[in-house]
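Two complexes are shown next, each including chain A; its partner changes from chain B in the first to chain C in the second.
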Partner chain A sequence: MELLNAIVALSNFVLVPAISYGSQLALGALGVTLIYGILRFSNFAHGDTMAFGAMVTILVTWWMQSVGIGFGPLPTALLALPFGILGCIALVLLTDRMVYRFYREQKAKPVILVIVSMGVMFIMNGLVRFIIGPDDQNFADGTRFIVSARDFKEMTGLDEGLAIKTTQGITVVTAFVVVMLLFWFLNRTRTGKSMRAYSDNEDLALLSGINPERVVVYTWLIVATLATVAGVLYGLDKSFKPFTYFQLLLPIFASAIVGGLGSPLGAIAGGFIIAFSEVTITYAWKKVITYVVPERFEPDSLVQLLGTDYKLAVSFVILIIVLLFRPTGIFKGKAL
Partner chain B sequence: MKKLLMASAATALIAGAAQAQDVKIGILLGFTGPLESLAPDMAEGAKLAIAEVNESGLFLDGASIEGVNGDTGCIDASLAVASAERLITSDKVNGIVGGMCSGETTASLQNAAIPNGMVMISPSATSPALSTIEDNGLFFRTSPSDARQGQVMADILNDRGIKEVAVTYTNNDYGKGLADSFQAAFEAAGGSVTINTAHEDGKADYSAEVGALASAGGEILVVAGYVDQGGAAIINGSLDTGAFDTFMFPDGMVSETLETNFGNLVEGSFGQHPGNDSDGGARFNELGEAAGFNPTNAFSPESYDAAALILLAMQAAGSTDPQVYKDKVMDVANAPGEQILPGELAKALQILKDGGDVDFVGASAVELIGPGESAGNYREIEFKDGKMVTVGYR
Partner chain C sequence: MSETVRNTALFATVGLLIVLTGFLQSWNSALLILNMGLVSAIMALGVNLQWGFAGLFNIGVMGFVALGGLAAVLVSMPPTTEAWAVGGAGILTAMALGAATIVAAVLLMKRMKPGKLRGLAVLAVIVIGFFVYRAILDPAVEQIEKVSPAATGYLGGLGLPVILAWPIGGALAAGAAWLIGKTALGLRSDYLAIATLGIAEIIIAVLKNEDWLTRGVKNVVGIPRPVPYEIDLQNDPAFVERATGIGMDPVTASTIYVKLEYAALFLAVLLMLLWMAQMALKSPWGRMMRAIRDNETAAEAMGKDVTARHLQVFVLGSAICGIAGAMMTTLDGQLTPGTYQPLRFTFLIWVMVIVGGSGNNFGAVLGAMLIWFLWVQVEPIGIFVLEVITSGMSDGALKSHLLDSAAHMRLLTMGVVLLLVLRFSPRGLIPER
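Now for the complex of A and B:
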């Protein structure tokens, strides 16, 4: 019984939040890594692309809610998601036409593209705030919990509750489906293969008749889709506020680099590594240990390795260690 | 020649306009940043006092006053200093209502106001550190120090019979100052704090903080944060995981946003923010509602009082020079003299013009003590049936 309590407490405060946060980071990092692998630059505008896609979804969700379209126990935002993706695709293709294409034709160095993407980031930043404002927006509806802490306690009779939010469930399921689809696309379809070929060796790909503009357009389509899905899931699970999407950029890049920039599998692993390290290393183990050990060994202190103040430092320490000993990342992406 | 004439005519016009509005009051608040939902009603409060004085026509020699806004970003010291510098050197204000948050206020006071000899009256900077700052008599605040709020919080918890709490604070001067003064007061009163930990605002995820707080445990969670920022995320996380369902909200959290977002979820939670039950508060509420803003939002009354104090001190000194009227601020704020409530500024101006004394009570029962800060009255609130209601004053 005590052991069960310990497991439940651990799941409630560590496993469940970290898995859903990890999925959100993984989806974000996938977008960054694809752009790095195929278009060959670090896209700093990614956080704000996520915000834009989520914003369009929110606006459509509000419209749907106002005319009474719902999705039963699931959030209406899932129905609005395709519209958000379309909006986001339109935005990134427009940016590509107006900004990135020019630099691509100049064969600009990656570092110049990075700076360009920062400019794009500021414009998107402003655009989102201009349309929806800088405040928190709430657009989640439907049932809030799959299992709420109170119900779980009543059902099992344990002292500890386990809460799984609907949004956490949706996040993990959606992330899984999207990732499966992506890998199927990259590995099994002709277009996917041409994208990988273009990423591996641009000249060789061009010689074998791959149309580079087509590859670029497909990349942006996928990136916009991933960004919107990540943005909406994050917004559903936490809250939508343009500023936090900008802040998400750091953990997303950390995930992509730890996993290996340019490697989709690495992006997913990186997302979970960053999420778990943020939560576990700063977790106070007192509660869990109290359940497991006999009474006389119960700890007085919190049994915390590091204060939560150091949460962000943890991900950066991991980042530095990876860059020092394995600069290409865990899954051997491209060296920076 | 024609152009020259036009130009000089235009200059004359501008000069004429400047003469009609020869007094400017800077309103230096965090219009962006973690308290951006409070700032508009605070600015409206200050502008209400300015409008009232303008209407009376009694200020100095019929001078009219203009409010000029400046943004501090609340947690952005460099922005705050730049805005203060702009207000002082380019807009040429005669006094400043602000800053809003403690860290930013310290920065603009030390880097802009003191070097330029400008009076600043903050309506909402509450860090205990500002009590002892070397200010050449230029800095006042119509809000109390958090050392006092910490004591009030300990009293409220004792009265409710709560002995063990967890504390999380926003990692800045305000949060740290309040959390520390609260912990000291609460432990002195026999309570215990299981964990006193910081959270950063604007982060992507707060699972780690919520996990640590839950593990430490406690009857309630004290959230000394900002309602538009990490504070709200911590409450969300605690409610979702079932870690805490009752909270204590200090002044940075008490606002309409809190009621709208969490009203139904935090039944029985309580908190406090500067406020009082004097006639002044009620009078201010009427005036504010008539002027079309929300006067009950936190620190709106204090902003009215800050602006009114500057103007009354100017009237008492017969000068708009900060070096002269700074000595009059304490005089007009405290006894002896005729008590002045909101809406009675015209009366006060007349008394001062005739050489009499006033005791400005204002919207927040102003009584300046020690180094020029409010003695501190607090309104205790509680969530009942999803609504935030007043349960008493301390």
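Now for the complex of A and C:
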């Protein structure tokens, strides 16, 4: 019984949040890694791309809520998501036309593109703040829980409750579907294969008649979709605030680099590694330990390794360790 | 038009903009722009040293600036004797132990043969060291934060003159830069960027949460000044007489006098650093740096130690940012960890360097003054523009929303300025020679 309680408490406070956060990070890191693999630069505007896609979705959600369109027990935002994706696609394609294409034609050094993406970041950040303001926005509706803590206790008779929020369930399911679609696209379709070829060896790909501009457009389409989905899921799960999306940049890049920049599989693994480390290191373990150890060994303190304010530090430390010992990342990206 | 004439004209234009602010708005706001512009110019010099001379991509400027600010507190605030009595020893022991743990781990890493045993030994040292460190630190922190939390609740500083904090802030930033440079230099340039971005966020998190050190979000206010206080000047009969003698209100005169003294101090530091940077640029060292930047492989083949030179210039540039950070905190008279935003303290400095002309010290200074002026003035201009646009609209949600959003025009403008300069004049206003 005690052990069961410990497992439930662990799932409730560590596993479930970490899995949903990990899915969000993985989606974000996939976008970063795709841009890196195909357009060959680190896109610092990615956090703000996510914010922009989420913002369009929120605006459409509000409109739907005001005219009474709902999605039953699921959040209305899921209905609005396609519109958000379209908005985000329009924005990134416009940016590519007006900004990035020029440097691509010049064959500018990657670091110049990074600085350019910094300028894009400023503009997107300004746009989002200009349109929706810098404050917290709440747009989640529908049922709050799939399983609430009280129902779970009544069902099982345990002391500990397990709560799974609807948003957490949706996050995991959506992320799974999106990732499956992405891998099917990259491995099975002609366009996906040409994208991988282009990423592997640009010259060879060009020689075999792959149209680079087409590859780039498809990349942006996918990246905008991934970014919007990640942004909306994160906003549903936590809340939408433009500045937190900017701060997500660090864990997202850490995920992509830990997994190996340029490797989609690595981005997913990296996302979960970072999320699990962040949650386990900043979680106060007292409750779980109390159930497992005999009474006289019970800890007096919270057994929290680091305060939650330092969760950025966790992704950073993992990043540094990987950079020191395996700079190409776990899945051997194309780095170095 | 020769280069000198052109550059002088550019500087004169920026000077004119500030003077115009004095005439149109007030001399106080003009001097505020000037002072922060001077501090920004020093930060830009630091970034220019790293990016312009050596091509290093540091986007953790905010962290080094904040460390400078921390130095201002640690040097100039009076020590909280009671806090030192209850927790000082604990903190010092914990810090020493923490450092010893890291040194031990690094030594083990270097001395032992690679293998599973080494990994386990290093891990054990780090884990045990961490728990011992926390066991000593936590009670001491609790004791310190209990000491009259509303007024102090932290260890305080050394009570020394605040000017001393400027070089010390530089040294603190240099130390942090050395640590980060040791790990991330020599890898791809994007990795240095991510690493510096991360370290900056962590430094801010420490400043915000370690109340025993910085009072966290409760802020440290009333940092001693290197210049007289306005109220003392107003009570000084000689000053009042002089002020009225030139036909000025003593209150306004005192605020302007104080700002002018700050400006003189900052200008002195800026000129000194500018002179040093110019000398470095012209020296064989500067030529070597640029050679490394332009072709690392060739420079390495000529026997230059690229990673060591990169580390050197990275530490120097970060130290300059630290000095500027200490100066800024001195000017504000307070350390407010909650106000450090990467967009304002890292990316804005980058816009300054790129717009001014990376690789040229005068360009960096010019860019800093100009962009700072824009940063301050875009908001009122934006409000004015939006008022003109919305004047024809009927009152409603859209109109009020547009007017409220004017404050966010800054980021948009900075992004547009950066992209336009990168596209049409990538070498900046004063290009590298």
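Note that the second predicted complex is superposed on the first by the 328 of 336 C-alpha atoms of A that agree within 3 Å, B and C clash if a C-alpha of one lies under 4 Å from a C-alpha of the other, contacts with A are read in each partner's own complex, and residues count from 1 in each chain.
FYI, a residue touches a chain if its C-beta (ideal position, glycine included) is under 8 Å from a C-beta of that chain, and two chains touch if they have at least 3 such contacts.
Everything numeric here is computed off the predicted structure, so don't read it as measured data.
Asker: Using the superposition on chain A, decide if chain B and chain C clash or fit.
Answerer: Verdict on chain A: clash between chain B and chain C.
Asker: Between chain B (first) and chain C (second), which, if any, makes contact with A:N125: first, second, both or neither?
Answerer: It touches chain C, and chain B stays clear.
Asker: Looking at A:L302, would you say it contacts chain B, chain C, both, or neither? Reply first, second, both or neither.
Answerer: Touch partner of A:L302: chain B, not chain C.
Asker: Between chain B and chain C, whom does A:S42 touch in the aligned arrangement: first, second, both, or neither?
Answerer: After superposition on chain A, A:S42 lies in contact with chain C alone.
Asker: Using the touch definition from the top, say if A:P134 reaches chain B (first), chain C (second), both or neither.
Answerer: Both: A:P134 reaches chain B and chain C.
Asker: Check the residue A:Q247 against both partner chains and state whether it touches chain B (first), chain C (second), both, or neither.
Answerer: both
Asker: First (chain B), second (chain C), both or neither: which does A:F13 touch?
Answerer: First partner only.
Asker: Touch test for A:V288: chain B only (first), chain C only (second), both, or neither?
Answerer: So A:V288 only meets chain B here.
Asker: Is A:E278 touching anything from chain B or chain C once the two structures are fitted on A? First, second, both or neither.
Answerer: first
Asker: Please work out whether A:K165 is in contact with chain B alone, chain C alone, both, or neither, and reply first, second, both or neither.
Answerer: In the superposition, A:K165 contacts chain B only.
Asker: After the overlay on chain A, which stretch of chain C ends up in the same space as chain B: 146-154, 272-280 or 308-316?
Answerer: That would be 146-154, the only stretch with clashing C-alpha atoms.
Asker: Across the two complexes, what residues of chain A are contacted by chain B and by chain C?
Answerer: In the superposed arrangement, which is not itself an observed complex, chain A uses residues 134, 247, 307, 309, 312 for both chain B and chain C.
Asker: Touching chain A in the complex: which residues of chain B?
Answerer: 32, 36-37, 171, 195, 197-200, 202-205, 207-212, 214-217, 228, 232-233, 236-237, 240-243, 261
Asker: If you look only at chain C, which of its residues touch chain A in the complex?
Answerer: 55, 57, 59, 130, 138, 183-184, 187-191, 193-195, 197-199, 201-202, 205, 208-209, 342-343, 347, 350-351, 354, 404-405, 408-416, 418-419, 422-423, 426
Asker: Can you tell me which positions in chain A touch chain C when the two form their complex?
Answerer: Residue positions touching the partner: 41-42, 99, 102, 110-112, 114-116, 118-127, 129-131, 133-134, 246-247, 249-250, 253-254, 257, 301, 305, 307, 309-310, 312-313, 315-316, 319-320, 323-324, 327, 335-336.
Asker: Touching chain B in the complex: which residues of chain A?
Answerer: 9, 12-14, 17-18, 21, 134-136, 138, 148-150, 161, 163, 165, 234, 238-239, 243-244, 247-248, 251, 275, 278-279, 282-288, 302, 304, 307-309, 311-312
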